[in-house]
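Look for chain A in each of the two complexes below; its partner is chain B in the first and chain C in the second.
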Partner chain A sequence: MIKKSLVITIVVFVAFLFLLEYAGISSLKIIDTALLAMTPLALAAIGEVINEKAGVTNIGLDGILLIGATLGVYGAELAGNGYIGLLFGALAGALIGFIHGVLSTYGRADQVVASMGINIFAYGFVPYFLMAVWHMPGIRVPPKEVLVQLWNVPLGNFYFVFSELTILALLLAFVFNWLLQKTALGLWIRAAGESPEAIDAAGIDVHRVRILTATIGGLLAGLGGAFMSLVWFKGVVKEISAGRGFIALACVVASGLDPILATGFAFLFGFSEAVAYTFAVTPGIKEAIPYYFVFMIPYIVTLVVVAVMIGKRRFPRALGVPYKKE
Partner chain B sequence: MKKRNGIKTIYAIIILVIIVVAGLAAYILTQGPAGVTAKPKIAVVSDIGGRGDLSFNDMGFKGAEEAARDFGWDIMELISKTEADYIPNLETAAKDPNTKLIVGVGFLLSEALAQVAVKYPDKYFAGIDTYAQDVVKQKYPDKYPLPNLIDIKFEEHKGSALVGALACLLAVNYDYPHVGMVLGIEIPVLWKFEIGYKWGCNWAIEWYKQKFPDQYASKIKNPDNILAQPVKERVLWTYTGTFSDITKGYEAAKAMYAKKAVAVYNVAGPLGLGINQALDEIAKARGLNMGPPFWIGVDADQDWINPGFVIASMMKRVDKGVYYAAYLVQKGKFKDIAMKNNGILLLGVGTKVDGESMEGISVSTLNDLDEFIKMGQAAEQYVGKKVLPMDPEQIRAKVKAMRDSVPQWVWQAVSELEAQIREGKVQVPLPQTESDVKGWREQLG
Partner chain C sequence: MQKFNLDVRGVAETLIALLAGLLASSILILSYGYDPIKAFYWLFYGGFGSLESILDTLGYATPLMLTGIAFGLCFKGGMFNVGVEGQAYMGAIGAIIFGGLVPRLLPFLSPFSLILALAGSMLLGLAWALPPALLKAYRGVHEVISTIMFNWIAYNFVMFLVRGPLVNPSRPEMSLPVVENARFSVVPGSAVLTTAILASIFSAVLIHLLLTLTRLGFEIRITGSNIDAAKYSGINYKNIVITSFLLSGALSGLAGGLVITGRPPVWALYGTLGNIMNVGFDGMGVALIGRNHPLATILSGIFIGGLWNGSRLMEPYSGVSSELSRAIIGLIVIALSIPELSKRLSRILQG
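Let's look at the complex of A and B:
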């Protein structure tokens, strides 16, 4: 069943690319834009998929993206190296994920409320940090030496822009899928979400599994944020995440907690955004679609695909419920 | 039993005493020596978004800081998180006995500003981009115009016309077919930017036709030159619906640069960083050290963000507006000026108020860049670490080299347009309603 819809999707996608070329739009330029836009969404989404499989909900992805972006730049400047900055941002995210994990397990917190707290914290912390550390409200453009290279590959007439983090995100999607389905750890994670009592009886600490997934989720989201500031935009502005953490959540939910599918949705969203803005300036098309409809395209496309492609999706039975040991 | 109760009571009393003492201390400490220093205050109430928008609110605070420094005042900063905060913030400022001037930054504050200004007639109020006097006219017609309230507006359309002319002449010179513009949320203020830019582009092309008829005749044959494009296709533009999502700025600008726009005008504050990234990809791919292509900054001087690639910024001197309001209060001229101008000050190109030059709109110059660099260096001294992205000398050198590389006649054209606007020889359109905008879009694209 999955195979058939996958084939159809690929065929439709390729057909659409040909249509774009026919309209004089470079499909390669759209794809590289889409891949860049996909990367932070996918990283955050994959992390959250693992998290929710174990039964922990973290809606603070937007906040973690923001903090990862900011502390990533800080770390890069501190160490004078962009990769260390990426690590710094990832670790900041991991720390937040860890705290959320502890709150959700031992703390028995309401996970939605607690993770919303992460967002609120970040929205205040980042402008404060920008001002306190760099004395410039709103933006930090670090010196070029501490940035991470974004690769420009000349392909004939075009140049294709990409980052190794995009490849990492794609790899992680498959790795985590394999992890969930084929390893013992994956089994424990899924069991922690479906029936924590069962693995508790088997002697596995449910809390530890959940804290682990929460930390991983935070780490990946932090990395996604640091990607935005250190690799992609070469700077951080105080609202760099701009609600994309919630788009990542939408990818998570729409995929029914499948890391590969979530990445696919992230790509779809980035792709439709890129197409939408290209339409907005292409004569012929821009008269047909007024720009205020153009904005809606990415969201409508995602909704339509969800409605068409996704049948019944099951979520783990113990999702969002703190586990109480008897 | 009695002993246990006794101990519990003692604990309770101790805790109570601690709480009361701490509460009193907190109250006293936060009051400060209020009665002692009668230092006048200027209060700035920001719009939602607050500081750090790289333009608007930041410039407002900058102006207040400069006024406070020059006149020996204190500053009170109030950030609005939601629209519900406007009135409480303005009232908090008004209730403070030391505040003399309360500034509301942003047109969304207009209603709140009008209401509070009516309530506190002995305090002075200034709004940036607001239409509070209009609100007064409607709601309190017998009080209109309020003598203690000034709406400070700017002639963004004139500034946008200047950079529109600049952009299109760059396209003519370097043989590019288009110019671009990325806008934020479609609010009436942004219509001024949009139409001004397109009009300026058109003016520039007509100017070129007059000044260089031979080159015009030959360039128009080049399909890659903007002169060869139909009028409505010269400017590639779109609203993104956001003043914060830089990814959208990136995607929109990338599409425009892919269509060979020579310069993209940033009309969305922080989205300049997204536009910059789109430009940077092209620069890297072609191994460029400076533009073309370029982008154009807005509101504040944004030339420093990528020296050599930001051809200029359309500066909206919100800081000067706020400073001017404070100046009027200091000199005791506020009510006078307010009554003389129906409570509205329109700052633009060549504006004179009461005989004094009060320009509010300009295209950034190297002097503005120097001012900004000085600000950055002052900040660096304050914070003790680097604030600017590269050595200030390098920034200045790159920007100067970029400007010198553009033929003189381009800059001369912009100066000429500025002079014509100043002398009233041309009228840059000022769209006020949606039908105005539609009409101009029919003409100019």
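Let's look at the complex of A and C:
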């Protein structure tokens, strides 16, 4: 079933690329933008897959992306190095994930409410932080030296642009898939989501497993946020996440908690973003369609894909339910 | 008596969460070198310090109460309608079209402008809530994902309308205003309060009666407290999802409509959407602080309205950015989500 839909997807995709080439739009340019747009979605989605496998839902990914983007720039300027900035953003995300993990386990919190609180907090904290630290209303463009440079690979007369974090995201999808399916830790994670009583009886601390996955989820979302500000957009604005955390959630849900498939969906949504950006600047199209409509494309694609894919999915039995130790 | 005790506990839990949220924010204020006492003084003085500021607070609270009731109604039924934000945007557009554009084109409709504007705003809000409701009922798509996507589609659509077809030709930074007849009366002594607040309070009472007295309200509550029990007892789950969402969308739309018809001085939507943004998101905080009770939502709406109003003084007088008020709401919501918080605290207090 999956294989058939995969083949159809690839055929439609290639046909679409030909159509774009025919319209005079370079498909290579779209694909490299798509890979950049995929990266934060994939990082956040892979982390959330692990997290939900263990039974914790975090709909605060959007807020974590936003805080990761902001604190990433802060860390980069502090250290004068973009890579330290990426680490800073990731650690900020990990801290939020850790707190969410503790609230979801020991605090027995309503996870949806708590993580929506994280989003609301982030939407207020980030403009406050921008003003408090840089005295800037809602925007910070760091000096060029502290950004992380993209790689340029010449392909004929075209320069293909990519980031090492994209490769990291793709690798992580396979590593986490292996981790979930083949390792003891993966077994514990899956059991924490499916039958927490069982691993509790086996002497493994359900709470610690869930806090671990919540922290990993936060770490990757934070890294994705820092990628946006330090690698991709070369600065931060208070709306930089633009609902991407929820698109990442859509990847998680549509994949049925499969890290590799979630990354595939991240590419699809990244691609639709790239199409939107390209349409918004392509002569002929930009005059015909107001760019407000073009910018709806990623959100509409997300809706359609989730609506089509979701019917077949099954989720862990204890997802979102606090575990009470005996 | 039992019920009374439960309510007291609920109020105590809410107050503890409010305190925890404010405490956490004061750490946030301190860590960037500001004075939390000064910041909170201006925040609360600006919100509740004088009759004029209380009236203005009520003005800001007017749409927040409605988005709070809208979110709370779905939450009662176990649904998380994050789409109140986008539904409010569409409601504002409904008010502008039916209270601004239509009466100008068809002058004989002018006496009915206000009713038209409010009906239009409820209709558009409802229409915007329908697709996520159908997706949830028939495809099992989680409403958080679908409603956020609809929020962003609404954002782009409304930006297009406000800067394009619905722009005010003489003031291009905002939309067409609603006509005189489609404006609520301004309460003397206030810059932002109008009689629109009566519509919010009326809706709160109506939804409270719906939830407590009608069969539909009963079914919504059962669905929220135990979805399996609801299904086994013969409640039509799909109907409940769709009805709750439509009601919630209409209320959110009305909230957006009241921002236009009940908020001087512009009676229009800014091209930045500045006067409607976060009306829905902060409504979630209003609902959760009011524990999803429509009547308590009136009070929590006034509280958040006070934060909005007070943050306008906090920024110039203490240097703290007005957006901190949203971070405070977020922290309060996080604190509210933890039932253990008040239990642990009372255990500590009892020794």
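Throughout what follows, the second predicted complex is superposed on the first by the 269 of 326 C-alpha atoms of A that agree within 3 Å, B and C clash if a C-alpha of one lies under 4 Å from a C-alpha of the other, contacts with A are read in each partner's own complex, and residues count from 1 in each chain.
Basically, a residue touches a chain if its C-beta (ideal position, glycine included) is under 8 Å from a C-beta of that chain, and two chains touch if they have at least 3 such contacts.
A quick note: this is a predicted structure, and the numbers were derived from the prediction, not measured.
When the two structures are aligned on the shared chain, A:Val112 is found in touch with chain C, with no touch to chain B. Of the two partner chains placed by the overlay, only chain C lies in contact with A:Ile59; chain B stays clear of it. Of the two partner chains, chain B is the only one touched by A:Pro154; chain C is not. When the shared chain is aligned, no partner comes close enough to touch A:Leu257: not chain B, not chain C. With both structures placed on the common chain, the touch criterion links A:Tyr299 to chain C but leaves chain B unconnected. When the two structures are aligned on the shared chain, A:Ala307 is found in touch with chain C, with no touch to chain B.
Legend: residue contacts after superposition of the two complexes on their common chain; A:Phe233 is shown touching chain B, with no touch to chain C.
Judged by the touch definition given at the top, the superposed model places A:Gly243 against both chain B and chain C. With both structures placed on the common chain, the touch criterion links A:Ala122 to chain C but leaves chain B unconnected.
On chain A, the patch touched by chain B and the patch touched by chain C overlap at residues 127, 131, 133, 242-243, 292, 295. On chain C, the positions that touch chain A within their shared complex are 28, 32-34, 80, 82, 135, 139-142, 144-146, 148-153, 156-157, 159-160, 164, 278, 281-282, 284-285, 288, 320-321, 323-341.
Interface of chain B with chain A (complex): residues 50-54, 58, 61, 180, 186, 233, 236-242, 244-248, 250-252, 254-256, 258-259, 270, 273-274, 276-277, 280-281, 284-285, 305, 376, 379-380, 382-383, 385-387, 389-390. Against chain B, in their complex, chain A makes its touches with residues 26, 29, 33, 37, 127, 130-131, 133-139, 141-144, 150, 152, 154, 159, 161, 232-235, 237-240, 242-244, 273-274, 276-278, 280-283, 291-292, 294-295. Of all residues in chain A, only 59, 63, 103, 106-114, 116-125, 127-129, 131-133, 242-243, 246-247, 249-250, 253, 290, 292-293, 295-296, 299-300, 302-303, 306-307, 310-311 touch chain C in the complex they form.
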